[in-house]
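A short write-up of the structure that comes next.
Naming follows writing order (A, B and C), and every chain is counted from residue 1.
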Amino acid sequence: AWKGAPKFSDDKGWSFKPRGRIQVDIGGTDAPSGLSKGANASLGTATEVRRAWLGFEGTMPGGIGYRFDADLTNSSLALADAYISYKANRNLTLVLGNQRPFTGLEDMTAVLNTTFMERSSFSQAFGFERRVGIAANYKTKDVLVEAGLFADDMSSMSADTDKSWSLNGRVVFMPRLGNGTLHLGASAQYHDLAGSVTSTRYRTRPFLHTADVRLVDTGTITATSERRYGVEAAYMTGPFHAVVEGNAITAVRPGLSNPTFKGGYAEVGYVLTGEKAPYKGGIFDRLRPAKGIDEGGIGAIQVNLRFDHLDLNDSDIVGGRQDTAGVSLVWAATSNLRFTANYGHLWLRDAAITADGDDSYTADSMGMRAQIDF
Amino acid sequence: AWKGAPKFSDDKGWSFKPRGRIQVDIGGTDAPSGLSKGANASLGTATEVRRAWLGFEGTMPGGIGYRFDADLTNSSLALADAYISYKANRNLTLVLGNQRPFTGLEDMTAVLNTTFMERSSFSQAFGFERRVGIAANYKTKDVLVEAGLFADDMSSMSADTDKSWSLNGRVVFMPRLGNGTLHLGASAQYHDLAGSVTSTRYRTRPFLHTADVRLVDTGTITATSERRYGVEAAYMTGPFHAVVEGNAITAVRPGLSNPTFKGGYAEVGYVLTGEKAPYKGGIFDRLRPAKGIDEGGIGAIQVNLRFDHLDLNDSDIVGGRQDTAGVSLVWAATSNLRFTANYGHLWLRDAAITADGDDSYTADSMGMRAQIDF
Amino acid sequence: AWKGAPKFSDDKGWSFKPRGRIQVDIGGTDAPSGLSKGANASLGTATEVRRAWLGFEGTMPGGIGYRFDADLTNSSLALADAYISYKANRNLTLVLGNQRPFTGLEDMTAVLNTTFMERSSFSQAFGFERRVGIAANYKTKDVLVEAGLFADDMSSMSADTDKSWSLNGRVVFMPRLGNGTLHLGASAQYHDLAGSVTSTRYRTRPFLHTADVRLVDTGTITATSERRYGVEAAYMTGPFHAVVEGNAITAVRPGLSNPTFKGGYAEVGYVLTGEKAPYKGGIFDRLRPAKGIDEGGIGAIQVNLRFDHLDLNDSDIVGGRQDTAGVSLVWAATSNLRFTANYGHLWLRDAAITADGDDSYTADSMGMRAQIDF
């Protein structure tokens, strides 16, 4: 069978599929001149290979599975998913290895399928990443429960002095409601920064990834642990979807204030060509055109509107606030070839300072992506 | 079907093939003792895994394709071809991603199929490399037109301050002439070094890659842009081929001289075992034996003679001159297993200085390569 | 056919198989507090992705083969096996490229199949590694002869100044004896450290790899060459095996003493579930359960006891001595999914010094591994 690449399988439970993805981005960001920290040098138009991944996934008899993705972006190696899984029964799966620790609806949605080129500001700012650990996923038609115990991300944990660990969980209810599906979820994380260096940092890029700059940034702050809570709600009916997520993270700093930073977004989207909003099992799924360009059709076209908010000011920490109004156009030419164009208008406060001493201003970002995957 | 590795395909347009190559080299270079810049430490006999690549390529219904090669040589990661392609019609293909920017006949020939272990001196000296960009290729039986707009190579462009870009084009006519094929081509590049660091450098190794030394070298020179022109001519008839290429690159240096450096080579070759000189569609192709060692034959044997010239002296820049007379023996044991032995005698002028203060001398290089690919 | 992953082949001699492995470890090491060189920071409990490899292997008509494994562990790239092979006849195979230089029974056994999580102390201490070279393997039913000429490991040899090389050989007799198989072998290496830096170092971790610390360590010592000798003996009958190996390495230091360091281990093991001790052709093989969990069975369970000795004291060099008593439990849930738990008690002398000035003490290590491969 072809799923982008050939998927080989037999009736005993063996299967194997190569995996890969290439994302090529072009983006431009406009902001006031004279920004502090040399930020302007990172602005303007830039091209980027955003992701170049190769990998394998497969299953073995007895409910055993694995996935292994190598991220080769910018000729710098990282491992993405790299895990062994065991399907204990129809509902319960155990996963051991490098994986996403249940961080919420958008973050658990594959980056191939997000409605904007980049995920929400809080997803970047609050340090969402893959970590090595062991997790259990319990799933029925209407309920998803995920919990796991994790060490650090793979490159950090290779240092012996890094003893940090986290406990993560997420619960989702996804009943049918009217003609659509309701999604209600919550997630939590306790993250112990038990290393010899106990610090953290919250910051985010302005809308796109092409500009390697952060206008809002708490800087490095001492902390011994983090607590994070998230809520998520969505409704999908026919080609329409609406989604809202919110997150709050608290840096625990013995002897100092414990600031809490907050972020969230609200989004509505509509598939103009009539395909159903792609949602499946607690995450958004691949937008598959009813008739792709390979069949003489025009593919699927989805338009999305989003308001994104991030507040890195609390207590005595002034990291800045970034609000973004964004619009995106997704064109799935086929199920495996996809183009995204999006524009964001940003309002920044307490941000990187301009030459005039101004720390509140607006910025604009426009980006496009071409993506193939298999 | 087997093309080194299995090629999976169906009749709707899906295909998929793993890719890989290993080249193991041994080489020795002899030059005067006491060379400046510690060059002698790099000479003598050395072994090298010249290339170790893994990757995938495939096609999807609708004329969509991709290629993805990871270069793992020396345990240091780089991406080679990493692109998405779209075959708009029988003649026109668009390519987006990391690719070779139409630099000329030899440079566009896959490194698996070059007649010598290393490409010509100007190919190294003038900074031929893959870049991320978008390109169009128009091809008929007799004509090839290629043009593209490129950002920088993938590791350079990951720095936000790198704003360099280039416009590249190549035109080839390749009519039948007599009992053979004539190849006439020209290429051009405008390269804007629009980064915060605006400099360039031209230099080349002596014949082989095993010695990580350059006896001719302009050193780093300030420049804001580069212009490059190339011409190429070849004639293939039966087992014989003759080819000549020339290139000139000008470093544009506002307020300073604009030196132009030149290089070229002329080559003749003959397949002793009688197979046709392998040429196809504007580049040299794989030498396929009529009867490989897998069929009880002796494979294909090709002998090649080349004179290579590089002049890095112009205006007030003295980078040196390097002339090379080379002979190579290529043995394609099978279509996928190939051995190359080659020898080069070099004449150097204005080159790295010896202990005696001599900057003009000769050097000799002898190298062998074993290569498998799929 | 399925061998973890699908193996594609035809009747002309073509074959191709993807390869991969993931090992996830957790381990804890307990030692006296106040160790010198900050060693305690590396102790305690740690998690690690021990190996994450992807690759390909295949054959081509005419006896040609290749293997290519990329080691992506900790997001840091290295090449493991990367070679071209040629099966000249039924008994003789030539191998060119990056490969293990015949270092002994345990080191030549794939790390997927070793009875403990880590190989013996001398295997680490004496610098066993893959090197680029050319080798010949001659094998009959009862005899194995291996010899090769090697340059250095791939990342070291990329420096031109590294001119080191080694000559390696190994001979094994493996006749049937009674109801079992006897294994008697010897290996030798001459290693010329002909680089501009001529030094070496011998050291080893305490039992596990999770703690990136060496309590015994000669430090860097000048040397111009190394000589190494190894002997190996084993007996396998039914589910039982016994094995003993010993190695001695001499650092040749003109004008200084030539110290000889020694290491060895003795091991017995038994497959409780009754499968035969897995041995084949001069190395230990994969433990394949008669009835894996995929067939409703419990897999194969093997218990192993080992005493390991390493002495890095000789002449005027005091690197320390490390003795380890270890027990391991291997559970092959299926042929491709395997779990190992092992415990080691270590006696250290002349080792890293404690705050009390003590250089002789004991340590304890307990580790577990989950492993999938294809």
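Throughout what follows, contacts are C-beta pairs under 8 Å (C-beta built on N, C-alpha and C of every residue); 3 or more make two chains touch, one makes a residue touch a chain.
Computed from a predicted model, the values in this text were never measured in an experiment.
Undergrad: Could the interface between the copies chain A and chain C be described as same, meaning over half of its residue numbers are common to both, or is it different?
TA: Interface between chain A and chain C is built from largely different residues.
Undergrad: Between chain B and chain C, how many degrees of rotation does a Cα superposition need? Round to steps of 5.
TA: 120
Undergrad: From the mean C-alpha coordinate of chain A to that of chain C, what's the distance rounded to whole Å?
TA: Comparing mean C-alpha positions, chain C is 40 Å from chain A.
Undergrad: Considering chain A alone, which of its residues make contact with at least two other chains?
TA: Chain A, residues with two or more chain partners: 18, 54, 70, 77.
Undergrad: Okay, in this complex, where on chain C does chain B touch?
TA: Those in contact with chain B are residues 8, 10, 12-14, 16, 18, 54-56, 58, 60-64, 66, 68, 70, 77-79, 82-84, 96-98, 132-133, 151, 154-155, 157-158, 160-161, 163, 196.
Undergrad: Under the stated contact criterion, what part of chain C meets chain A in this complex?
TA: Residue list for chain C touching chain A: 2, 4-6, 18, 20, 22, 24, 41-42, 44-49, 52, 54, 70, 72, 74-77, 211-213, 292-295, 333-334, 336-337, 370, 372, 374.
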